[in-house]
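Shared between the two complexes below is subunit A, which pairs with subunit B and subunit C, respectively.
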Partner chain A sequence: MTKRHNNDNLLGYEKIKSILNESPDLICRKLEVGQEGIHIIFMKNLIKPEILNEYVIKYIEELSVEYLHYTYLMKNIPIDEIKVNLEEQEIISSLLNGFAYLYFLDEKKAFIVNCANPIERSIEKAETESLVYGPKISFTESLTSNVKIIRQNLNDYNLCTDEIKIGERLQKQVRIVYIKDIANHDTLQTLKDRIKQLKMEDIIDSSVLAQCLEDKHYSLLPQFILTELPDRFIYSILNGRIGIFIDGSPVAIIGPANFFSFFESTEDIYLRWSLSTFIRLIRLFAMVGSLFLTAIYVATMTYHFELIPSKLLIIIGQSRSQIPFPPLLEALLLELLIELLREAGARLPSKVGQTMGIVGGIVIGQATVEAGLTSNILIIIVAFSALGAFSAPIYEMGTAVRIARFPIIILAGVWGLNGIIVGICILIVHLLRLTSLNKPYLAPLYPLRMKDLKYFLIRLPHHFYMRRPLVNRPKDSIRLKERLKNITDLDEF
Partner chain B sequence: MKKIVILLCSLLCTACMAPEKIIEMQGISTIIGFDFLDDNTFKGTISLLQFDRKEENTSVTLSAEGTTSKQIRQKLEEQTSHDITSGQLRTILFNKNMAATVGISSFLDTMQRDSSISSLIFLAITDNAEETINNTNYEEYPEMGSYIYQLLDKHEKKEMLVNSNLHDFITTLYEIGIDPTLPIINNANGVAPSIDGVALFKEDKIVGSISLINTLYIKLFTNNKAFLGDITVEIATEELEKRGMAELNLSKSDSYKITLHPIKYKGNIEIKNPEFVHLNATISVSTLEFQPSTSVKNKDSLKKMEQLIGEALNKEFRYILEELKNLNTDPIGIGRKIRSIRKYSHLTEGDLRQNYSALKIKPNIQVEIKRTGLVD
Partner chain C sequence: MRSNIRFVNAFMAFYIIHTSQIGMGILGVPRIMYLESKKDAWISILISGLFVSLITWLMISILKKNEGGTLFEIHEHIFGRFIGSIFNFLIVIYFIAVHYSITISYVELSLTWGYEGVYEWVGVLALLILTIYAVSGGFRVVTGVCFLSFLLTIWLLFVVYQPLQRINLTRILPIMTTTPSEIIKGVFKSSYTMLGFETLLFIFPFIKEKNQLHLFSQIAVWFTTILVLITTVVSILFFSGKELEKNVWPVVSMISTVHFPFIERFEFVAVPLWILVIFPNLCITLYISSKGIKQIFHIKQKYGIWLISIILFICSFLITKRVDNNYFFDQVGKTGFFLWFIYPIFLYGITIIKLKINTRSRRS
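Here is the complex of A and B:
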């Protein structure tokens, strides 16, 4: 039997079995109907048995003899997805994706049908980016349901979801999601080129893909927004950004990102403008405070006590008086302690996590002060810094701020305020040089786009937003009501 | 990477690093006082913050004798384990006796050159600097330095004092045609130190003093933005009756007192010639209080009242000017004004001093009552 098909690229059961390393899951069901012998080959755990039984086996057995041939079955089998004209590689990978392989012994022809039964999590509430207002739905690990969520919420025929396959061993499907008449063509092309040029054996998660696509790999700062919120994704796409899904990851990538977009949350749109503006400015202020406050403490305690207002001087002096470490060491110790607490809290199961808070907050905090290892002023400052870093709506930006804090503290400990200024200079130069998908990272501030400041720094009432932000260079920057009318006309057509 | 290395080297190799001054190792001085002993030796007293919570006081005072302020400092350093620093120094006190005989400019010069001493620190005169600093009554403030700083700062903010910081003192000292003034701090046993008048200087030596309230006449012509403080004027009842202000229904008390609150004012030194000077000023006031109480509604009587107040003020001003002339000190800066005119700009300090004692000065203060019956 195998002899006859040697020249053919269609595979028999034996061949498949040897390719799949004698997998015990591989099953070959041999049907003898009429004069035709049909082999149905599939992986036991990957298919949905009901589909195979009901729509493949039962269907074939109930057919009268004259219809039992390749052409008729290929055209009429009641299953949505079939593949014909198969390559060897495709047959194997399809089998491993839960397809069933129908092989017609006499005709030497074959096709495969989709009986897949993927394991999926149901759609749940967002965990890492939680909102007070707004939709609670979050993406799942399934690419299909993610695209479904987007399609369902964004019913636009111009919404494109281009497919690219990446990974050499572990092939993964990547979908590039954008709105054709909004997204900038050059940005899209850059992104596609970068994805195609990726030479990776496997890409496990979207966060890995985002890191691979970055403009500057050595930067501390994230250059893509990672989100698990469909509403944030849709909002970004509507403003001319481009989204990326990767199969198996519940986190979507959005690019190009600029610095300030990491401090906006979709909640800013849902809340009233006054509160949103206030919250946005607080986030930026918290970020700056988180970066520099501990460093300023170290610098003033070590070099510039003249700067402390005289009323504060005694309080600060008293809290420092018994401490055996220099301020730099004291601050680094406490900052590391907080990082340790956070890490332990993140690793522990959520039920034990509460205990962690008590241990960290009360035991360590209070005890170190009472033992005279750190000053209580520093505890307040470090706690503020930690809070400030966590207030960034995108977790990655918070981590970047937390890391960037340490070199600045060390600079402050070595050179005082001069060191902080050096740190600020390096940071600003870096921010100015950084790009995300070749778009400037510090965008509405530099290059200055006055019209865009209202999108990123503050939020005005909604009727001010008649245009899309220019920093994303959308093809179509105006969103007017007349345009909406045209689209509905076209739809009817 | 190369750039970062270059940046690091440019800072490290040029030793661009501030000296380390960890806060708890510093003896932070907040106030320093100088007393005059005989034989050109001085006694310096300093109040240092101490941060030990177990101690009751938040400050320690140290004293040392020496011939220069730096020597005093050297000797003070011997008495403490902390580095004595002057970055938080807020006030310098001088002994009145010392300021009257030796002069204080030599001390101020070295202070002015010390980069860690702000040029905005206060200077003040006291009878005995050591005792003032050692006084333990300082209300709710943690230590004497911050108490005296707050005392002077409050008075300067409310503009009750003519500016008295190091910068102002040095400027008025070296400028030709104006003499500096400094507040006098009174130190009595058992009470917190208080401000007791303003010392008048001739060059860097004290020659006399005037009361805090009377500084308004100086402020009228030196600082246009100063807050004058309320003015209380006493007018003899006879005077009122003479002007036919019978409708005031005055009681028999022999003098009539009014407290006025200046709203704005404008002072101008008008030089007629180097021997004759007009001091013109207009003050707009609102009336705050009459003793005994009266109500002035009539416009005509208001006019008369303004005149009377003006006269009373001028009379007092004339008296003060006479005293200033006797002391040969010029805190108002009449000499400066004379010298600012092109044809008199050749006059030297000596010329102006000589001229000053013979100068005819005509005070001309006018008062306008803008508001009455104001509710604060």
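Here is the complex of A and C:
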């Protein structure tokens, strides 16, 4: 029965050749051993020749005749990964992944062995997220090495790396990484369901996957953290979040995310608490300033001159006296220029990139003022808001802030301060309505969890953090279990 | 259905009740109180606060006796489906009127301070869109709006510090120069400002720790009373009697004397910021009225929200004169007084009678 089953699915060289569209890379090595011989079929560029030569061909040729049959070879061939009882589809996809197909002509049986030669780059320093202290290592495009990095740093048997395959034509392996006795079960289930229900084909990168998994696709704000830093990844997982890797992407996804988690950097843990708290608050203020400062300038210049003290008003009046535009147009012009500068800087090769700084600094900084197109004060404000947007440790959040600025500036130009407050109201409601993996986005501020505020807004000395933050609903919330056995009342921390 | 309800913590009741009480009323309350009870306005406010506190206690007992549920459900339960629906409809109309009064009084204020010439319906439309967006997020979002608006605006209280330096203590002395009847009239007039605690009757099913609700709603009610008291007393001390009688929004005028090194006229910040103060009011009134529509007609709350919003928007073209608006606010205040200061007493009585009948019929 099994034999017939095998025969049905077995492919000869000719059939494989026709399925693979006569690919010139497909090679069939016909070994004349035993009664009829063995065919070894493989793709030329995808396998590692040393492995095939040394451990498959040479091994078979050195065997004496009585061992040259399917059962013995399948059990004893010196290669770590073999697959038997295969479907047609799987044979072809394995061949394309660098496996070699061993076909026994006399027995009409076959199995495949792994001789793959994947392209990997070495593990390098992180580029988009940079730290002063802490490990500099970053993820690479290879899923196996990413899992290796995590396993090496987090040696816990409860660390799960569940595998889900997505896509048909472009098959991708997705790994969901979490610690079984910390991560919340419901969140995990939501995430898995969403990945399984993905309708989108051809997901190339983790950033695409993150966008597909979002709760609200029309929101400006990112709902997952994207990171290339293993230490950030491990820190998040230890706090009850869930991580996702996708084959071929050096960026990992972390969820559920909340608004404040986009403003924390792992460096906050490495630096001393006083500095970390200070920097964290500065980031938040910078974000708020970046969102509203230009808008406030537009509003006061258009509608509320009365707000500005007379001495300051004279200075602003002087610098604005030559300008032909209304404040709204002036601000939009300058903001767009800054965005243009940033985009050009990002696209240019790094050697030319430096010139952009000079061009931007001189042209936008001085020439526009001297030409009487913008006021000095607006330049300061726009520069501040550009800096503020980039201070967010997660790049996505910076971009979201940069885009959200424009509607608020326009609202300010149309309705003055009232418009800004309307913008704030919309923002508040949007933040309240937003969820990430069904967890509230504005947590722990709303729903309010007093004990969690110390995790997100500020950073206290480390001995205050005996619990994991409750916003992720961890199963096991106590960090130092063994040593805390004697302390009955944990709430004092 | 019940399982879909998202619960909020009991302390959120504080923010809900407090923010739905504070709104447009507090800006004008010193004048209205002064017109009735002169220097002793603060006594009226304290009496009013005490009264509100008692009514709150009564409301909690009504809710507990009726095993939770909103007032809409209680009405249907007590009076039956048909008569209950008529009652509910009246309440829905009341809340729509409150929403309308808040919107137009804010738009009027905003047009006075810096936006002359803008059409009223533009402001109404902007506020409506905001409110629709918030309310369609459900009760959780409405609560969040209350909470965040409280956090973002409570600091305005400290701005009173500057006018405090220019007050004249003799303006409030001697105490008890007004007749008791004037003081009672003041209590009556304060109703428009103090109203909002009736929200309690509609949030009960959403509260997680129901036994703590009474505590937090009392705190909220007293916090509001103290805020109103502070603003009234400071306004009376700050303005001379005749000035106060002429100022429609004495609190805004008082804020206009506030100076910062970098902000010359603070009221131009305070008036836009007041959107954040009235935003919870708008959300809660729209939420409750749409909930009522849902209860009466058995349609989705979404349609209720849109229906009410369209009515409100059409009404915004009817805004004409200050005098008419004032009359309207007065009527809303009066209705509110009878509906939420007097009616709960009757409702309490009816509930008890109903319960006794029920237990008797069960025995027999």
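Criterion: the second predicted complex is superposed on the first by the 473 of 493 C-alpha atoms of A that agree within 3 Å, B and C clash if a C-alpha of one lies under 4 Å from a C-alpha of the other, contacts with A are read in each partner's own complex, and residues count from 1 in each chain.
Simple rule for what comes next: a contact is a pair of C-beta atoms (placed from the backbone, for glycine too) under 8 Å apart; a residue touches a chain by one contact, two chains touch by 3 or more.
Please read these numbers as outputs of a predicted model, since none were measured by experiment.
In the superposition on chain A, contact of A:302 is made with subunit B only, not with subunit C.
In the superposed pair of complexes, A:420 makes contact with subunit C only, with no contact to subunit B.
Within the superposed three-chain model, A:432 lies in touch with subunit C and out of touch with subunit B [touch as defined at top].
In the superposed model, A:460 lies in contact with neither subunit B nor subunit C. Once chain A of one complex is fitted onto chain A of the other, the partner contacts of A:323 are limited to subunit B, with no touch recorded for subunit C. By the touch criterion stated above, A:447 is placed in contact with subunit C alone, subunit B being left untouched. Contacts of A:312 after superposition on the shared chain: subunit C is touched, whereas subunit B is not.
Comparing which residues of subunit A touch subunit B with which touch subunit C, the overlap comprises 303-304, 306, 308, 310, 415-416, 418, 422, 426.
Partner subunit A is touched in their complex by these residues of subunit B: 4, 7, 11, 16-24, 26, 28, 30, 49, 51-53, 58, 85, 87-88, 90, 116, 142-143, 146, 149.
Every residue of subunit C that touches subunit A in the complex is listed here, in rising order: 8-9, 11-12, 110, 114-115, 123, 126, 130, 133-134, 137, 140-141, 144-145, 147-149, 152, 261-265, 268-269, 271-273, 275-276, 279.
Subunit A makes touch with subunit B in their complex at residues 300-306, 308, 310-311, 313-314, 316-318, 320-323, 326-327, 414-416, 418, 422, 426. Chain contact summary for the complex, subunit A toward subunit C: residues 303-304, 306-310, 312, 415-418, 420-422, 424-426, 428-430, 432-433, 442, 445-448.
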